[in-house]
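The letters A, B, C, D and E name the chains in turn, as written, and every chain counts its residues from 1.
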Amino acid sequence: MVDVKKKAAELLSSEAVKVIIGYTEGTGGKPRAAFIQNVADVEKLIFNSQCVMNLAVYLTKAEIKKLGKPAIVAPVNVLRAIIQLAFEVQIQESDIVVLGITPDEKLVEFQSFAAIESYLEDFKMELDAKEKETLAKISGMSLEERWAYWTEELSECFKCYACRAACPMCYCHKCAVEQNKPQWIPVAAHQLGNMEWHIMRAMHLAGRCVNCDACHNACPKGINLNFLTKLMLADAQEQLGYTGPTLKEGNLLSTYNPNDQENFIK
Amino acid sequence: MSEFEPKIVAFVCNWCTYAGADLTGTSRIKYATNVKIVRFPCTGRIDFMLLLKAFGEGADGIIISGCHPNDCHYTSGNFHARRRWVMFRGLMNFMGIDTRRVQFSWVSAAEGAKWAEIVNTTVDEVRELGPYTDYKKVADYLETEVTNG
Amino acid sequence: MTLGFYPGCSLTGSSREYAESVVALCEELGIELKQIPDWNCCGATAAHNMDKELSLSLPARILALAEKDGMTEIVVPCAACYSRLSTTQYELNQDETLKAKVASIIGMPYKGSVKILNVIQMLQKYAVDKLADKIKKPFDKEVACYYGCLLVRPHEVLQFDRVEDPQTMDVLMAQVGAKPIDWAFKTECCGAGFSVSQPDIVGKLSGKIVKDAVDRGAKAIIVACPMCHSNLDMRRPAIDSYLKTKVDIPVLYVTQVIGLALGINREKLGLPRHFVPVTFA
Amino acid sequence: MSRIGVFVCHCGENISSTVDVEKVAQTAAGFDGVAYSVDYKYMCSDPGQSLIKQAIKDHNLTGVVVSACSPRMHEPTFRKACAEAGLNGYMCEMTNLREHCSWVHERTEETTEKAIDLVRMLVEKVKNDKPLEPIKVPIFKTALVIGGGIAGIQTSLDIANCGHKVILVEKEPSIGGHMSQLSETFPTLDCSQCILTPRMVEVAQHPNITLYTYSELESLEGYIGNFKAKIRKKAKSVDHSVCTGCGDCWTKCPSKKIPSEFNAGLDNRTAIYVPFPQAVPNKPVIDKDHCTYYQKGKCRLCEKNCKPGAIHFDLEDEIIEVEVGGIVVTTGFDVKGTDFFPEYGYGKYKDVITGLQFERLASASGPTLGEIKRPSDGKVPEKIVFIACAGSRDPAKGIDYCSKICCMYTAKHAMLYQHKVHTGKSYVFYMDIRAGGKNYEEFVRRAIEEDKVNYVRGRVSTVYEKNGKLIVKGADTLMNGQPVEIEADMVVLATAGVANCGSEELAQKLHVSYDRYKFFAEAHPKLKPVETNTAGIFLAGACQAPKDIPETVGMASGAAAKVAALFSQDELKREPLIAVVNRQMPPTFSSCVGCFLCETACPYRAIEREEIKDRAGNVIKTIAKVNDGLCQGCGTCVAFCRTKSIDIQGFTNEQMYSEVMALLND
Amino acid sequence: MGHHQPHEESGLAADVKKATGVVAEKCYQCGKCSAGCPVADEMDLPPSLVMRMLQTNQPENDEKILRSKTIWLCLTCEMCIARCPMSIDIPKVMDFLREKSRTEKKISSNANDIVAFHDSFLLSVEKTGKLYELGLIAAYKLKTFHLMQDVAIAPAMIQKGKLHFIPEMVKDRGNLSSIFSKTIKKK
């Protein structure tokens, strides 16, 4: 962490960046995001296993952009989001400085987004055993049980959209859920609307989600909504050979392979 | 249950399946009246949300049909659609939405007989499955809420 | 390795030499044959000429017995039995209702999962790679491979070789040193089940076959069916009278030829039981 | 508030015999927003269209739903009628009560109920229709003709003679196609080459025609009026601008055993070759697959013997790009080859040949100089059997259709044989004699009555060889199926005409449909026989289905006329059914966030990036923009766009949503 | 909401269709079956003619078919279907026609020998579960009075060990006879 802080201080004092986006102590021992604009405040930066929120979400927020060029403290989740955002033309290489951070708090500097991409090759985006187990548990239920499980789980949702706000990929100015011509999704919080909102969210994140769990962590009701995107990730890897965020041309659903499976098509 | 006649919506592309269904007509091949066709320019155009809307509004089954691989009038709309359905079908299934009620098919402009067969077997299969009450229940909940509120 | 074995009636009677040669050859090749316990007649031509359900039930009983014994693959050397068993399995797999009905007629469960092999298929599957090393005396003769009807037709059911100008037996014969000739009557009918009831027709049909083989220089006709064998071999007087000449080309089972090449003695292969003497072995 | 008019067509009795059309019209009248509803015998007739026009005026209609046949048939008709009455044509939609309802169902209440549902769906869609204006695009007045057989030759000459430029692409080293291989042509027996070669030369010399032989279409982009085609000019290894066509090279070529394509394998050619003496261009190419130098790195005899120095082994394939406004596909047909008829021994017995091979035997320019001789031993056959329908009308072998030309050419073959071998006996085994055509029936009768060809009605079961004879086993079905056995010297199979190999791949490059036999599909079996479903691409000749020379030539001129009509205008109006990106008031400008995932999804690369700038010229936002020249309106981007910022005119989200809602909310 | 209901059909062609799935109308009379049939020249009605007669849907033609020798002469060699361009399963049709001819007692007197052989064969199978060749021949001779036929080869067969004097028996003969009584004996 020492070298990260040192680098941050350097960047601020040389005015190479205007703000450092990082983690700091929050209330109740839960880290929160910090937007450090003075060299003196650099000391407030922390990093530990509790730092799970995805800071990349701030890179596209207008309020943060107003502060000037940022440097961002970036563990693997954030790095993945940066690559995906770069591919989606939401951030430019020249507009940010990325302060990569290893799990043991060491600084990794990157000269380019391409360098981040090659760094990430050592961190394959894969579901861990526990996640796989949960997926298998749900998939193993009968059709009726799965339906009951999800209607029950999603009935808790009251459409606060905290999940959306926490997600680095949900940067749209006007989300489809706010579209009313036509009104694709009913506004009120009720079963059908909840169901459709979460299905749509999962589909819109197919091949884009970086599996950071920010949505789940942000959910006041603790809904397992991240398992919808996890399922999509598993399916994409298994059936379409998806490997993770990349700067190369094409997104999972905007490209195709002529030999994609079609055993379900008559 | 024998009284139950399923409501089936068919989302088809203009160039292959719609034309194929036209051929079913010109060939006077008969099929069940349960199916109503909605014409799209291409399967690539079919928004997955429309499937949810159809179930929400009371469809018991859905047919999605377009050009065979490599035959898309727009080169690759069907390939894009196929990928979308691979992902969407997995998600629906995972959430307990009954994918047996969604029949994907390729029907070319020359396959009038195949269209009739797809319709008839889908109607028979969905009739066997019965009305899609699970999804409707969730949707009905919406209606009561709106009228009450 | 052990395979289920359905000899069929002919192979226990008038075509014993076919059974003897199959058994002798399998012994040499290390294939153990286990007879289906309490097997019955497949019904042959008579059953399907007279009653469809009977024609399905008799073979179904055989297959059900094989299943009951845990067999997954059975060898059926007689082409007629092979055809009846395969047809039954095919038809019942096409029609679940009929399958259930037949199961109730035979009074035992029937799945239809046993794989049915004719002798050539068995040799292709389990012996081809072993043959070359075992050949002691190549069968250095021009041979006319005669497939007849039931080994290759209908293709839809049997899925074995091609219907016109089949080749599997020719290839097998070439592997033991024989020289298969190209001829026109490979798959023409010999008269089959008319052996007893219409000997004149058999004389004529078989006569044409024998004549073409002889005309084209064959020294032996090779068969894989006891009906074909008895018509071409035992009905030689009728053939000779149709052709108005005496022909002495012998008729050998495919297993006998391979057996000879492998050095198995003629008695063990049942060669002395032929009507037309096999003089070169 | 919408004021929709619903017009229910009886289509004579086609719809009304199954659907209660009056009830449909009456029920529709009660739909929300429907101002007028009526049924009528023939909506597409003049009085029918007048009825619509009058109703638009009388009832001040804002939208029209015509409930009749397939929109693929009459949508333009009714949109035009509406436009004439002052209603924007795109405010008119059709619902398909005929192909999708009355013709596929029995007359029951459910059928009428379904018809009502279909009308309701389209009423709701029309409520969300927006007036649209056609897109105008310029036309590039050069035609591309693919395939240099008689169809391509005729099309090219006709278009060129209208004063337009033509690019003719032929994959073989010479134009001429199958017609150049034929001996005499039915029903006049005039020599095929005598009538064809002058036209081949005319093509080569025409100032408006650019000929690319030994070339194939590599790829195609664009749309009617504005296609961009890439053409692969295969390396000929011979510089044709220097070559004099003297022939020194091929006489010295050591690889002489290559079956000649032109002579249908009946004799051989060299590796450097001109396919036939009258070839256009009459200059050789090197067949790399068979050339000793290319295969083994040694030889170069042709190079040594070429006085002008035209041989260049290092020439490479060249890809050129051309812009064309219209395309005519004239790639012709193929004949079924070996192994297709094992029971007839084709490929096994040398003297069992195809009809095309017989043409070469009978042709004065063929390997036997027009004498009918057996390929096996060169003997003149004393007895010859022709087998019609060898492959055609044979669903078991995958060809259900009649190849159409075989009855006639078989009669011609038998006739030619009798003319050349006076003592010979000829037999034709046939199922039906299909001789519809001017002087065709008379021609067949001549073969039977004057030339004494023996016609036997029955299909041959098998052919086998014995003692140098071919034993043909057939039956005479007009004699109660009596077996017929003929010891013939030669057997000629009237093999089925099939789609050219590679036609599927070509169709996919061109984005045109094809049928299950891989013949290219016309846009309408009766009324659009030369058009394809892709605007600007036309068909002529046997690539669409087997046909004879007069029919091919007629179709070729038809296709040429279509191209000439297209080129008669300077610009073209295109359907505006394309994608658009929404624009909103500042500060958002558009709900598009510029993720540009649509860019990779678009098959036409029609998505561009548009920078929105403030007055000072600073970029505020970059959003997607659709190039309306390139967009074809598939809508893949629409289904893909997360913010619903891109929509497709004519099939908008609102339109499709309301259609689906109306269908289920009855 | 119905599918299309075809008209009720009757006659032999309809029976054939119901029992075998073979649609007689499919035949376009090319004659390839008759051309390849090894016994066509012995038949009173070549196979293509049988198909044509079925198409006529005339009761007198139906009768002729059921009383023909053709149906008993068919060897089920399957050559016809192997080469039929329309994939019409004539052997299957023949099986059905024979069964119908037998149950309706319309067997052609010209086919007596053939039917007697089948009867004798099945009798042997019914009694023993297997084919007892000697028994078969004895029974056949009694049925047909062809007492002297094959007298010449019998001793040779015996000598070559090709004929057994004691039939082999299936153990579960009750099962066998129940199969017979549920099928062929039912009709």
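Everything below uses one rule, namely that contacts are C-beta pairs under 8 Å (C-beta built on N, C-alpha and C of every residue); 3 or more make two chains touch, one makes a residue touch a chain.
All figures in this text were calculated on a predicted structure; none of them were measured in a lab.
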item: Remaining touching clusters (ignoring chain B, no chains moved); value: one piece
item: Selected interface, C-E versus D-E, where C-beta contact pairs are more numerous; value: C-E
item: Maximum centroid distance from chain C, chain identifier (CA atoms); value: A
item: Centre-to-centre distance between chain C and chain B (centres being mean Cα positions), rounded to whole Å; value: 52
item: Centroid spacing, where centroids are CA-atom means, of chain A and chain B in whole angstrom; value: 33
item: Sequence positions of chain B contacting 2 or more other chains; value: 5, 29-31, 33, 48, 53, 70, 76, 80, 84
item: In chain D, residues with contacts to at least two other chains; value: 106, 108, 110, 343, 462, 601, 640, 653, 657
item: Residues of chain C whose C-beta touches two or more other chains; value: 163-164
item: Interface residues, chain B side, partner chain D - complex; value: 5, 7, 9, 14-16, 18-19, 21-26, 28-31, 33, 36-42, 44-48, 50, 53-54, 57-59, 70-77, 80-81, 84, 108-111, 116
item: Chain B-facing residues of chain D, complex; value: 70-72, 96, 98-101, 103-106, 108, 110-111, 113-114, 117-118, 121, 504, 508, 511, 513, 515-516, 521, 533-534, 577, 601, 603-604, 632-636, 638-640, 648, 650-651, 653, 656-657, 659-661, 663-665
item: Residue ranges of chain C in contact with chain D within the complex; value: 162-165, 184, 212, 215
item: Contact set on chain E toward chain D in their complex; value: 1-2, 4, 28-36, 40-41, 45-49, 79, 83-87
item: Chain D residues within the chain C interface of the complex; value: 342-343, 348, 462, 464-467, 471
